[in-house]
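Structure in structure tokens, see below.
Read from first to last, the chains carry the letters A, B, C and D; within each, the first residue is number 1.
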């Protein structure tokens, strides 16, 4: 099989806060239609890394390259402007608007009104948001809000999706559905998913990147990583 | 040379003056992130306390150093309980409410005392000679008071348990709340303390400027700009911003006259805020108080 | 009455627009009360000036009504408070002229307020009195300016104080039109008397810290300071000046200190020795004035403010207008203007005052007084001084159709080169 | 909050305003009509603040800066041009341009909301100080004097193309109302456009909006500039009404009033603040005609009470109450109908 094209890449990416090296010289590559999970214990730097990708943080040094365009230090809207769908760790929604309106805002960003309406309808079906279609999202439960935000990402039909902890705060059933959804999204787009939940990761991913102390510790399938004693130690402490 | 010294003293006084009128505001802003637009009126109330007290035969030192902070501190406590405490976390609303409060205070004082009030107090210290130049002894005294006040605030923050709790709250209010610190009580005390410091400042300045119901308006803009330029660190912020802005104002005032002194002060502040949107301390002294 | 007037307005709105003046004369009632409107700031920053002026005006009107009114008609006084805000001046002036149909409007403290309402009152042909001391230069048939102008007071104050204290004069003045023009007159008279105006400094009205300037005065070697500082914030100058011990070595003279009752706001030690010039002081030693002061104090009780030129002149201006109404036999505008300009005089607390017809300003006495223990001791008096500054640029006798403010752009623009 | 603004509502309101304009001469006395011009100017200022704050989410504490710039620009331009028509556009343009430059500084400097409020306030205070310091005859723009503390005269409006044909007070009133209605309809239309909806999104959640790929800074500068232009127009009518412009247009008090009016009228509507301006202006003025209560005292109390008890303002609170009542009535009707049906079927 031919190696697919690299769509997202970091070169020597570092992010320092004072003396703390949250991200330290990371070289990372994501290929077309790939689904990659970033895992690691708290403070491993995966969220900081994620924020450097989305433009929410400006890295201290190194580069972020998306589709051959250097995006280092560009604003989040520039990243999103390339057709990248982004879901932040804390749900960022228009709390005063209904689910449908939130989705519509996202869809209409890249599509004409007619197509946008179709996309909104599809998204509502795909994410089973029908019963909260008209609810004001500010009043929804956390898990539902997560789903609405996922919907906003999906509704724009992005070719690359960056998700920060999409399953946090979801019920088991919701988590399962989310995993299915992510696999579904992966049919048409590449994904990076930052996650804690091991079962969730196992359900969706083949290749996983393990962060440790700001650097990539290893990159392999979940099975290999779970089998690796050093990785287990990093991830689970000394309890093994 | 004598001119230089006496001029330098004058500029230091300008800096001290700025620090004095800003400190109360800085305490409230630094610890509570509340911008109190009624700050100028707290100064004004301090001044009125002193004038009313001395007109009724109270010793001027007692009135300035004890009564003014006490009375205004209590007013601050009442304001916090009745108004501010309902608005925490709503920064804009706090701004608006304190603005209303400021108008209210001006209205109340005008209704009670009329547009102007007879003051028989004058700066109670004599004249200090520097070579052939004379300076006001009271201005020297005020410089010392400001230094003492800054040290006192520093020690309070460093050594007392209130200070420790306050510093914790400043660094991370949510965390402090998790540790079981009653932020509500801390805020109440802080606001009252800030008001008391403002009252003291207003009382001390009354002999120099007299009292008018709307004298706060003259102070608020400057205090406001000083505190915002300084950033959230109470001591480092107030001191550094006062030195910078007061220094610019003093030098330019002497060279070109007062017209451009104040304009220079405001321009410095705007440029400063463009370069460092979170104030001097937001940029340079992240961990200071 | 009011209903019919309103419906008339409705049906003739077009006519009204074309000639608002028409209605005024058409409806100027020759019976019923005479309407006297006063628009003066009683709140906001200017209330220290406005409040005593209103008190004095009320007293004048009450006295006239107790004495049976004017021409057998009652005088109805309406007082508006523009709250130190220009927009309310325009609004209330319009209301007074077009709404209340006032026979006379006494209004304005700052020149800005006067300039805002002067065109309105001229357009609606409503007689206008401006009773504040100001920089001079208004040349307007409809507008009588009764306050003292710089040439009247500065001309007397400068030579007297220079002779007493020395020839090197340091000038401090408020940074607005009045301060600038007064400072120019001071410079002129200092030079005319062989002195040296070593420095002129202007202060925005909100400045409270005068430290750097006080140091400059010390190092300048000045013999005296002439102050044209104005407003509540500027009172700080005198306090800080005294606190630096300067009032003993370099004394201060002023044509503005006292109209806001500043001498009551600072202590005796801070103020003693200052020399000021006005056309009225509460301490003037005459029967008319003693009587006036006694009546005012009796009326106001314990809260009576000190009387100054602004208050006394508001009182006198009401009376000189009343004299003119009596002389004209009507309260209508043109006859009253004629009467005012043809030598109607009033013997008031400040002495005899009458209108100088070329300028519609006042010939008035000028007094110099020294401050001692929070009150003024009259040291010199000059009888019936004409408004020489305005006379240099204005002649309403030769050219009556004027409504301009000649000094808006300063003295130089008005052709006075000093 | 509604995403899809009701432009029909705006048109209805505008229709009512036109009816009001036509009826005004027979309702009000002549002098009130004359006074209305300056109140209309102020209400346009309030409208501009309602737009930028209520719909753009940008709390501009110094909105009066643009208002004052408009007033000064108009006065200076009208004196220099010898006519008012071009000067009105100059005023709008200068105010908007100033805001866009200022906006570039603050929005691209990633200044947070509260600091933005403070910086705009500081800018307006600087203008206040600066304009008060232009007393000498040397401070002139063309042939127009700035005048320092005393300010400078503002020429009246004239017929377009004929500078000597001054408008009569009644015509000035009609023109002012026309400007107000146009500004109102324009603002109402603006918030229903795509641009307006993005601005509302930014107010609701700036991060999410930028994650959707919108450069929020540009939109903020856009709405900031537009609202400043509207404020500048308000300044023009205000100074024409007053016949004069003084540095007080930049004062803390002027900024405070605009904010009070928006708060009282309601932050999320356009018509509320405009109505609040009219009501409160005449309330304040009537406080000046009677000397019972200090004006500051009343205004201060209003602001405190509203922030504490009616933070959404009068109009939204009322319409909410109204909607609730309507909803209740509907549900009652529904119950009633169901009961009736049951009754029948039984």
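In the analysis below, a contact is a pair of C-beta atoms (placed from the backbone, for glycine too) under 8 Å apart; a residue touches a chain by one contact, two chains touch by 3 or more.
Bear in mind that the values here come from a model prediction, so they are computed numbers and not experimental data.
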Can you tell me which chain is nearest the middle of the complex, judged by mean CA position? D
Furthest chain, CA centroid comparison against chain D: A
Across the interfaces A-D and B-D, which one involves more C-beta pairs in contact? B-D
What's the distance between the Cα centroids of chain A and chain D, rounded to whole Å? 43
Per the centroid of Cα atoms for each chain, what is the distance between chain B and chain D, given in Å? 33
Quick one: chain A and chain C, Cα centre-to-centre, how many Å? 75
Just how far, in Å, is the C-alpha centre of chain C from the one of chain B? 38
Which parts of chain C, given as residue numbers and ranges, touch two or more other chains? 42-44, 175, 202, 204, 206
Residues in chain B with touches to at least two other chains are numbered 110, 259, 262
Pairwise, which chains touch? A-D, B-C, B-D, C-D
Touch list for chain C against partner chain B, complex: 42-45, 47-48, 51, 175, 201-204, 206-213, 215-216, 218-219, 232-233, 235-236, 239-240, 242-246, 249, 260-261, 264-270, 303
Which of the residues in chain B end up touching chain D in this complex? 35, 83, 86-87, 91-93, 95-97, 99-108, 110-111, 217, 220-221, 224-225, 228, 259-260, 262-263, 266-267, 269-270, 273-274, 277-278
Could you pull out which chain D residues touch chain C in their complex? 25-26, 29-32, 34-35, 38, 129, 132-133, 135-137, 145, 147-151, 153, 168-171, 238, 241-244, 246, 248, 253, 284-285, 287-289, 291, 294-296
Can you check the complex and tell me which residues of chain C touch chain D? 6, 9-10, 13, 16-18, 20, 42-44, 79-83, 85-88, 90-92, 94-95, 97-99, 110-112, 115-116, 119-120, 175-177, 179-180, 202, 204-206, 408-410, 412-413
Taking the touch rule as given, give the residues of chain A at its contact with chain D in the complex, in rising order. 54, 75-78, 80-81, 83, 86, 88, 92-97, 101, 104-106, 108-110, 152, 156
